[in-house]
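Just below sit the structures, each encoded as structure tokens.
Here come two complexes built around chain A, the first alongside chain B, the second alongside chain C.
Coming up: the complex of A and B.
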């Protein structure tokens, strides 16, 4: 299982993780998980940032006299130690024992909890039903809910041999979920069509 | 109530007017000083003798290879390492419930070349034991409390010790420069009247002991050690020019010029000029000056093999003073390595060595850190039901009421 970071901020509805390596960010919409006691919390990556490690120190443009971007990091090796990459994940469910629940867990993630990218098998198991779409479409984050829902479905579909079949099924579920919101439905369908 | 600037604005105006009025004269002095330093006719050996024999009230740089030499920086090697350390501290606060102080040493290890890498570290250390707080002479007698300026000196000792520890781990085949911030001369110990056991503990057994270890480490390594002073206020070299133009052989200020008012003496033709102003007009970008020896009495009496030499370096539009122990200064390879790498560091760091600014960032203790530190101390005291008494003065400063 690929470890992608460590929780540095957590609430009931989301958690933020810092990557161990600069720029080693999981993709938008990917399914990540972290542990809290006997619970496993699932989160969909909705936002990623790379910024200065210290709030008072902003990066400055350095490449005027460099021939390539890599050269900037070569001539200032400390940069890799002064920047950090972080990502935010929206909690979309949890697992207790063998059972997966598509609703919020009783407790938030733990600070310093390791964050892993779910392997394909676990992604399939998590998405064997579409209950998690309710939290995604109802989210109110810096990224529009339609963007996030579509990115998540595109990501999950890669775990299936028959991607189209998964996406069509998801589309049906969305049609029922967003029955009175045709514009939103269309926005998502536009983004997942192959 | 904050400072009422309107009440001081007029005085600021007077200060600026005075500076403006003296500008022309200062420019004349600077030009004269530039002529003297650039004068090829000055014989070095007689000047060295005159400096050695003269009695002056000011510190005079001892020339090594001349006065008006200029050296271009050699090219930096392809692969090299820069080490730097810096420190910060929380002083003893007698208004708090516990007597203690904290020293935070920051370090930077930067590798340049085919496999660039960086390691930044900080090592905070809390001192609260009796022997940490008070220095006691072995034979008994007056004790010395470590706080204020003495704590600042102890911090310099710790910075040097940390740098030495970092240097010990260097591979032997890489050119490397170890950098300290500020002067190699522990001026605080020189200028204040500390008892011998204090000077011995901090200087001989502390700072100079670390320099000695660094020298030992450098034996099988291509390692130079230097300290970097940005925007130096020193006048050692200008004072050497004063002696060069002094008509008396040897100079004896008290004997010959005691009755002459300041500004009228022959040597006042270069008065008011700092070394940095002189060398800004004299050195080209990237060039370093000749090498000089510090004639400070503490250096002469105690530094031995680590006797402090220095040169001035022009980095863009600023002059920096670079100090080196004798074993670096008189070894041309190490001297050139220091020149090349300090200049390279300054160019990478927009005028100031990158490694020093990163070490500083690791070491710095902000006002908020200070408060949090005391909160932690007080919380820990409360947890074990120890009293957390603070002075009424301290409380009144923290809780301001009307």
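Coming up: the complex of A and C.
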């Protein structure tokens, strides 16, 4: 299981994790998980950021005399220690024992909890039903809910052999979920169509 | 078991009166649904059996209809089909199956409630249909198959002949073929004998098919059980029909009542029919011959004065009777009694088909059918009453088949013709009717309401459809079904002999295979019949 970071901020609905390596960010919409006691919390990655370690210190442009971008980091190796990559994850469900629940866990994630990227097998078992779509489409984040939903479905579909079949099934679920909101439905469908 | 059957969708709303609405699953295509197909609905406690009566399209969001999505993309169309844009079918529940002990014992019961919300709906399987319409056995006759199914729809003919029945449909929709099938069915399965007034000579020996060519009729298939009587010897000879009896009717067999019926076709005035009664009182049974033989002007005048008949009335009557005189089967004195002969055959259990040959005009048909039926009715009545009194066996149940029934049973004459009486009450005397007609709206409502089972091919006149379906629950839904029938080989059957209305593709008739299957199992009984006849003559 690939470890991608560590929780540095947590609430009931989401958690923020910092990556161990700069720019080692999981893709938008990917399924990450962390532990809280016997609970495993699932989060969908959104809003990844890379910024200065100290809030007051903004990076400055350094590449005027360098030939390539990589050269900048090579000539100032301290940069890697002064910057950090972080990502937020929207909690979409949890697992207790063998059972997966597509609703919010009773407790939020723990600070310094390790964050892993779910392997394909776990992605499939998590997405065997579509209860999590409700949280995704109902989210109110800096990333539009339609974008995030579409990105998540695209990501999950990669774990399936028949991607199209999965996406059609998800699309049909969305169609009933968003039955009165045709524009949103169409926006998502446009983003997941093959 | 459920997995084997195709699930169509879920019950979403409805009522017992107006039927149930079912939202189709995405996997079920609207285009596969057809009005008239059978479905079963799995309720919580029992299964419901129903008929698709309408198919419609719906959208969850009205904007989908005003601004349709880009369906050229197969993904989008696959997602939206069955979810945001879906099909609904309207189902008329007819029967319930299973559940409690009574329905297990008594089979499907009429429906008295509706299945709950979100009950699953399936296409009816062969077994379901078989459960409802039964299998071919010694009482049930296979008439056809439900649409798109191989199962046989069987009519219980023993039940059928207990009431008068009707076959309706526009010209050319297969009424004759259906009638022929039904007659064969009755001949095989029921104890009834048939008397067919065969206007166009299609039931006795051979009939034409619209595709050209000839099809065998009753006598060719069941020689031992059918006798062909003919009015027109020449026509029979030309068609090489072996006839059993040539019917001649004497003038002295025509009663004034027979003439009353002919008032319309012979264009007689009210006064002229009155005059017939007066002539009858004067001359008795000889009235027709006497009237026709009046030649001498003085003699005529004297008679008219004596009976107070106006000259114009007499002329009117003479013109009418002139038409009768042209009918060659009417003779001053008949050598043999046709009624007696017919009854002899019927008593032996032989079916009688009376071919009209070239006398296809309605005057001859009305006159002969009415005249013979009235006599036979009188005989049956007398015998049944005697049987009741003396506790002996009543006569064979008799089914009289008449074509162009609206001429006999229209509201003006239904009260006067024997057929009106038979339709209303003759069940008690073991006589019922099989009426064949293309304008059921012309038939008296009272008679229509007494018909036990109605079989109707395509009809497109609003009034005809209304009159056929009058009084039936779910009438407006069945109207849809009736209007959508194909113009050939399809019929809607409802009433006494079937547990629920059913659309059938009628059984094939006319090929060598069909004759074989129709006469299958006949070998034994035919031998038996031949033996019986031999014994009779010993």
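Criterion: the second predicted complex is superposed on the first by the 194 of 194 C-alpha atoms of A that agree within 3 Å, B and C clash if a C-alpha of one lies under 4 Å from a C-alpha of the other, contacts with A are read in each partner's own complex, and residues count from 1 in each chain.
In this section, contacts are C-beta pairs under 8 Å (C-beta built on N, C-alpha and C of every residue); 3 or more make two chains touch, one makes a residue touch a chain.
The model shown is predicted, which means the values in this text are computed figures rather than measured ones.
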* Would chain B and chain C fit next to each other on chain A once aligned, or clash? -> fit
* From the CA centre of chain A, what is the angle out to the CA centres of chain B and chain C, nearest 10°? -> 170
* To do: Check whether A:164 is in contact with chain B, with chain C, with both or with neither, and answer first, second, both or neither.
  => second
* Could you tell me if A:172 is touching chain B, chain C, both of them or neither one (first, second, both, neither)? => second
* Partner touching more residues of chain A, whether chain B or chain C -> C
* To do: May I ask you to decide whether A:180 touches chain B, chain C, both, or neither, giving the answer as first, second, both or neither?
  => second
* Asked: Should A:189 be classified as contacting the first partner (chain B), the second (chain C), both, or neither?
  -> second
* To do: Report for A:112: first if it touches chain B alone, second if chain C alone, otherwise both or neither.
  => neither
* To do: Check whether A:74 is in contact with chain B, with chain C, with both or with neither, and answer first, second, both or neither.
  => first
* Structure fact -> After superposing the two complexes, the shortest C-alpha distance between chain B and chain C, in Å, is 50
* Structure fact -> The shared contact residues of chain A with chain B and chain C are none
* **Partner chain A, residues of chain C touching it in the complex** => 26, 60-61, 63-64, 67, 69, 73, 75-76, 78-80, 82-84
* Structure fact -> Per the touch rule, the chain B residues reaching chain A in their complex are 108, 110-112, 116-120, 348, 354, 358, 361
* Touching chain C in the complex: which residues of chain A? -> 164, 167-168, 171-172, 174-176, 179-182, 185-186, 189, 193-194
* To do: Spell out the residues on chain A that touch chain B in their complex, using ranges where they run on.
  => 54, 57, 73-82
